[in-house]
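Chain naming follows the written order as A, B, C and D, and within any one chain the residues start at number 1.
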Amino acid sequence: MKSLFVLQIILYILGGVAGLSFERNKTRTSVLTHLLAAAGGGVGVLYSLVALRGQNLLVLNLPGFALFGNLRLEVDPLSAFFIFVISFLSIATSIFAIGYSKEFKEKSVGFLGFLYNFFILTMILVVAVRNAFYFLIFWELMSLVSYFLVVSEHEKPEARRAGILYLVMTHAGTAFISIAFLALFANSGSFSFDDFVKNAPSLSSVWKNTIFICALIGFGTKAGMIPLHIWLPEAHPQAPSHVSALMSGVMIKTAIYALLRFIFNFLGSIPSWWGSLILVLGIASTLLGILYALMEHDLKRLLAFSSIENIGIILLGIGAATFLAASHHLPFASFALIASLYHVLNHAVFKGLLFLGAGSVLSATHTRDMESLGGLIKNMPWTAACFLVGSVAISALPPLNGFVSEWMTFIALLSGFQCEGLGIRFFSPILASLLGLAGALAAMCFVKAFGVTFLGAPRSSHSEHAQEVSFSMKMGMMILALSCFFFAVAAPSIVSRLGKLSAALIGSEVPSSYFGRGSFLLEPSGLGQFSPWFALGVFVAILMSLLVLGRLGLKERPIQIGSTWDCGVPNLSPRMQYSATGYSKPLRRIFSFLYQPTRRVEVEDEGHELLRTAQRFESKIRPLFEEVFYRPVAKLVFWISEKAKQIQTGHIQLYLSYIFVTLIVLLLLVRLT
Amino acid sequence: MEIMNYSRFILSLAQVLLILGLAPAVSWFIKKMKAASQNRVGPTLLQVYADLRKLFRKGMVISERASWIFHCMPYVLFSVTLVAASMVPVFFEGSLLGFMGDLIVFVYLLALGKFFLALAALDTGTSFGGMGSSREMTLSSLAEPALLLALFALAYHAKTLSLEGLAAHFNRQASFRILFFTLPALGALLIVAIAESGRIPVDNPATHLELTMIHEAMILEYSGPYLALIEWSHEIKQLIFLSLLANVFFPWGLSNAEGIAGLLFSPAVYLLKIFSLAFVIGWIEILSAKLRLFRVPDLLGVAYVLAVLSLLGQLMMGRWM
Amino acid sequence: MTLVHLLSIPLVSGFLAVISPTKKLVRLFFVLGTLILAGYSWYFVFRTGAQTPIFMFGENLMMDALAAIFVLLITTVGLLSSLYAAGYLFKDGDLAIPVIKLRRYVFFFHLFLFTMLLAVLSNNLGIMWIAIEGTTLASAFLVNVDDKKSSIEAAWKYLILCTVGIALALFGIILVYYSAIAGALGEQENLLHWSLLLKKAKALDPQVMKLAFIFVLVGYGTKAGLAPFHSWLPDAHSQAPSPVSALLSGVLLSCSVFGIVRFHILTRIATGSGFSNGLLVFFGILSVAVACPFILVQADYKRLLAYSSVEHMGLAAAGIGFGGPLGIYGALLHIVNHAFTKSLLFFSSGHLLHQFQTKEIKGVRGLLKTNPFLGGIFFLGILAISGLPPFSIFVSEFSILSGGFAAKRFMACAVLLFLLILIFAGFLRHASNMTLGTREQEPRSEKSLLMDSVLGLGIVLVFVMGFYIPAPLQSLLESASRIVQGVVS
Amino acid sequence: MEQEWILSIIHLTSMAFLVTSFALLVSPQLFSCIRFYAIHSFFLAVITLSTAFYNHVYHLIISAVLTLVLKTIVIPQIFFRMIRRLGMRKEVETYINIPLSLLFSTLLVFISFYGVGNMKALDPPLSKEFVSISVSTLFLGMFMMTTRKKALTQVLGLLLIENGLFLMGVTTTFGMPLLVEIGIFFDVLVGAIIMGVFVFKIRGAFEGIDVDKLTMLKG
């Protein structure tokens, strides 16, 4: 066990070193470092699966700075779960990266591989470490390494800007996190997590709330919770796609991990308004995230925004768990917690898949702009199939894994029925219905994403001459696509095995009565039921039989291939297809109070508007949070700085008078005290 | 007991078959009403079945842009509709796949069908397809919360999310005492049902005018057996919604497996309920004109508010009941 | 006689450099002197361990753990700076500096080292004062090696402001002396001896000590670059040649902080109150706050670094003010880390100036493309100075902050954190503008192995100190922080 | 009897000392400024000397002599020569006019008396006004530095501060240990010389020694 953990760390370090060492032969370098990373992932999966059961949790205790205590690494069920997610996803991304790295001709593949390995390593360490000081070190390292990955194409100014925004935001978040930790330190007199837990009862409620708020802000920033999300859609698209997959898939989840630690471990008893607050933020992130995603026509930005939505769903689960735990419905609370955790896993899988798909499209067509894509399904069938699976999963449609965890979240929210108090009874179904709205919008968003990118006719020569990607990239995607099915079918049995985890956090396992015959069955507690494997089975069975029937039936039918119906207008051009922007037009109208869209139409004609030579249409939406909050604040700060700089005029007399006046003031101060 | 389960199975299978068979008839009934309102004769009952049969016999013209998505969409659509259909109780409490999932699963299954429908619409790369799919997805995503909330409101009273459970629960209720909250829910569900089955005032199944059509625009490229499957599953979906309404809000005569008298009696009652609901929908369709696309969200908003009211009503009464 | 050796080495080598005829020789003595000095100091400190104070000259000189740290700091940074300067100033070719100036430079450089050593080693507060005044006079010439207008102006301001400050400090010292007499500590001669005053601190009159501390704080604070007395600092540091800037901001400021600390200890014991702590925290935070806007909006990268020195001195002062093992340990460690990091940055700024021929930030673009080695080191250095792990500054900053929380000064810490974020934002912005991106025309650059190796050494130091502090240094720091806490060993 | 005499002399001179610093502050001519400085230092020397005799700390005599030599003769001479060499305009340019600066300086004197005047511990064997006098000299010196334009006058201000310090040292503690005394004198001298050098550099670089011109470095 312990040896496996160490082995994983060593593998990543080796991978990093390998990346730096062979600078000569790019392909050999990339194969080596990424295979090592994949191996590390494999090892991680192995021991985390054992550690999930909770027995013999492994501990590593290394000497560190005298003042801050030892560097203690420990894998309890919660850490094990997150290590599993990280390792599992990293296997797929690493395999994908082998092929994908051919992209970076001029760039040094080795250096990227080095950063990549250390990125995964830092994430593992963040979820394993048990000491606030080292947690902060690894946390900041994780941000730093990912920053370097974000600016890996730093010739592009937008990459640089994104990098700055990302690192500054996450650093600000870290400041709040440090406040939270330091407050815990002030209470417990030590930096080790165990002492935090021990001294949790002695926290005054004021401090408890302060710490909670700070932690929420700090980790919310990293998780991309609205309104702290602005860095996410900028930074994630800039990184190489396999890294974006990791960032969206798991990095932002480390914040969820830490948040769980704070709420359920460090702070003792929980007031219920925390739950309500998290729920509100969760639903806001969910809806706004997907609404903004719908307006994107940059494939990777769209995915990044949808990550915000999914973080919102996860937060909904956590909020429900917090609330239910606060009102002592422990079984429901633990179910809600498991729901959010399971969504963490599923989102990692399908968002990873989608980013890898986007990466394949990018490497095949060298563009992320959906307006110049289309028709890729013909040339890139594998990629298309995988992306389709991902889209169905992320749209929370049965029978794939996305639906399972969203269903669980529904149940978690609706178990608010069981609480007393009108408020929760009223708002839990409302929240659930809004979650439904988000789900439907997500479906629309990904119909658009898949439809515009892969279906119809190619909108540019790039997409017309795209080639299917290399084997390793297909492998990477296939792994995740298949696991979308697996994690759907196996859900109930997996969830029923996460009991130790919820027991550790909430203090109660999910009752075994919730599961039966490999399906969820919450009848006794008066809630829903769902049997994923049966659903999938029935669906596939019917579909297959229909297909067979269809093939048989259509054999003797005359089928002729004709051109698409063009209303009699000859030669239908690809540019007449519905564009990505057009697709989301109705929503842009309906939610115009949120988007505040602006449109610009340029018409070029030869003197008369009937002799029209060209017409350009452009539609923008107003990024609300940036313009209402962030930009003004930044402006204000710089304005103040400009004004403040007036004190350094260069006149020595003035400088002298500073000293002079201060002296006099201090003198009077002493006199008066 | 063994016999009991066996008979249950038979009955629930029969329900599914009934829905499959009845679906075209319902839309025929509405067509007929409209015809009557316009002093036309309208088709005979057999006509609709004949149309389906004819479509199944015909060959197809398929766009050269179409990919495999286009080909497998009708099958996917039909099979999800079938699965959904076999989840609702029709004329007795049980249903074939009721144990498989609850109303959330039910709603999302239908959404899966819609997802593929919208994709296939984009597949042939026409502006019509894109337009239809965009509008369809927009409206259905706005309909989703109303649908869910209305069902949740009922579930709150029934203390269960399973469709069977709902039907059974309301079947047992003396239904006047609960009208105060079932009525708003009924309103909400009715609106959603109209929107989902693409009827006036949301969509006009009869038109082929570019600017107004939604559902038709999506399936413009389809012909022959594919078209048949699509149309059929569309009708089935409509019938599912109707029978859901029927069994939750007018739960009289919903028989449980024992008692042959009930078994003879309940299908008749069911047909009565269905056709009266169909009559209501037809009536609405006759009286009202199609809304502008950007007015529809307001209608759906009304539905949502109704759902909220029904929930709120229960909570308020719950205080002193 | 060891302390005397220590003090005599720079004097001797300075003298040798002055009398040596050729450029080669000057250079030789220049480097050799600092080399011997550094080697000797390390050997000496770690042989004795410096746990118990070593006295000399009738207790006029003393080296306790606190002083030992600063001695090591001075000699090490001095060595680095001289190595760098040996490559930087002693270059031949078109822009070679005449040997007269070099001789003058080397002489004052060693004189400067001598005065700083004297300052930290003197147990007699009066002598310490003289030495610190001496540092001003010696370094004034270093600041203006090339008689450019701007450097003359800088040197003049430096001279005037610091001399005034120092004068005020002297007033404080007189007050202390007076209160020692008034406290009737008996024997007249060594009443200015810190070690004696420490023993008798309880007998000193609190009121007078407060007054004295104010004068000393303002006086040495001026030299330490605490706001609002810092105004000479950016000028001097940006105008001085890079090796000198490194020395000024890495070590000189720290020495004046050292002076303040000595008085702070006395005052805290004498007044038995947190009066001096409060002042230190206040001026510490004020310094960070004042530095912040200048770092956010800055056109000149050497001034940028200078202002960050103001910020870091503020942090150190705040740490001392917070007190407690964490705070003080953090502050001392911070002084050490800052010395190395900042001198690294000033060295690389020397590279920049030499390659791009401008101090303007917007004159430097796409460094990573044109010169990956320098670009990488500069970028990492900036990240290090703005307190990101795994670099050393993070450790000390964090321990200062935890010291603050331990001392229940929550608001102060919150404000500090907020300011640190802003400063980080400013630094990151400048750094990414300078190093990342592309650059159209090639900058002029010839390699100097010596200078590059100094840079490499620096970054390694900064990085290693981030997660490993060698045991002897650790014990030094701990006993030093015990001294500052007033635990008389 | 004779002690009485000395004490009264001391008081008298200390008053004269203060008055002279006022004079120094308000005198419009550069030459007169320097002369006043010489007088100022002379009074200082007198006070030192008499203190030495008053309570028999004879090593003060040395510093008295040093003061006399350095501050009343050497440094003023250096300045005179410097002014001639620089050939600069003789009158003092100030930022604020004489009456106003008088007002300010009286205020400063008041502050210094208020600030340290009645501090219990501060009743030295001689007489307590000395602390306040030296503090006010300090302030006046700084005030001079902040309001004058020429580099030279700033140096004068600095020297004024120096005198204040020295007065403090002498009257409250009968002087520092000799070693320190010597060191301080040495520093003052060197400081004055270096500043002189820089004054020349400034004139060379900026034609004229108005400090106003030294405002290139800002921000």
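As a working rule, a contact is a pair of C-beta atoms (placed from the backbone, for glycine too) under 8 Å apart; a residue touches a chain by one contact, two chains touch by 3 or more.
These figures come from a predicted structure and were not determined experimentally.
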item: Starting at chain B, fewest touch steps before arriving at chain C; value: 2
item: Distance-maximising chain from chain D - centres being C-alpha averages; value: B
item: Rounded Å distance between chain A and chain C, as computed from the means of their C-alpha atoms; value: 45
item: Separation of mean Cα positions, chain B and chain A [Å, integer]; value: 36
item: Approximate Å spacing (C-alpha centroids) for the pair chain A, chain D; value: 70
item: Centre distance in Å when chain C and chain D are each reduced to the mean of their C-alpha atoms; value: 31
item: Multi-partner residues of chain D (at least 2 other chains); value: 116, 142, 145, 154, 211, 214-217, 219
item: Interface hub residues of chain A, defined as touching at least two other chains; value: 645, 648, 652, 654, 656, 659, 663, 667, 670
item: Chain C, residues touching no fewer than two other chains; value: 156-157, 160, 164, 168, 207, 211, 234, 294
item: Interchain contacts, given as pairs of chains that touch; value: A-B, A-C, A-D, C-D
item: Residues of chain A that touch chain B when the two form their complex; value: 374-375, 377-378, 388, 392, 395-398, 403, 407, 410-411, 414, 417, 422, 425-426, 429-430, 432-434, 436-437, 439-441, 443-444, 447-448, 450-452, 455-457, 523, 526-531, 534-535, 538-539, 542-543, 546-547, 550, 553-554, 557-566, 572, 574, 576-578, 582-587, 589-590
item: Touching residues (chain side chain C, partner chain D) in the complex; value: 60, 124, 126-127, 129-130, 133-134, 137, 140, 144, 147-150, 152-157, 159-160, 163-164, 167-168, 170-171, 174, 177-179, 181-182, 188-192, 205, 207-208, 211, 234-235, 238-239, 294, 298-300, 303
item: Complex contact set, residues of chain B against chain A; value: 56, 58-65, 67-69, 72, 74-76, 78-80, 82-83, 97, 99-105, 107-109, 111-112, 114-115, 118-119, 122-131, 133-135, 137-138, 140-142, 144-149, 152-153, 155-156, 159-162, 165, 220-221, 224-225, 293-294, 297, 304, 307-308, 311-312, 315, 319
item: Chain A partner contacts - residues on chain C that touch it in the complex; value: 156-157, 160-161, 164-165, 168, 207, 210-211, 214-215, 217-218, 222, 228-229, 231-232, 234, 279, 290, 292-294, 296-297, 325-326, 329, 368, 383, 388-390, 394-395, 398-399, 401-402, 405-406, 408, 410, 413-414, 417-418, 420-422, 424-425, 428-429, 432-433, 436-438, 467, 469, 474, 478
item: List of chain D residues in touch with chain C within their complex; value: 116, 119-122, 124, 134-135, 138, 142, 145, 151, 154, 158, 161-162, 164-165, 168-169, 172-173, 176-177, 179-180, 183-184, 186-187, 190-191, 194-195, 198, 201-202, 204-206, 211, 214-217, 219
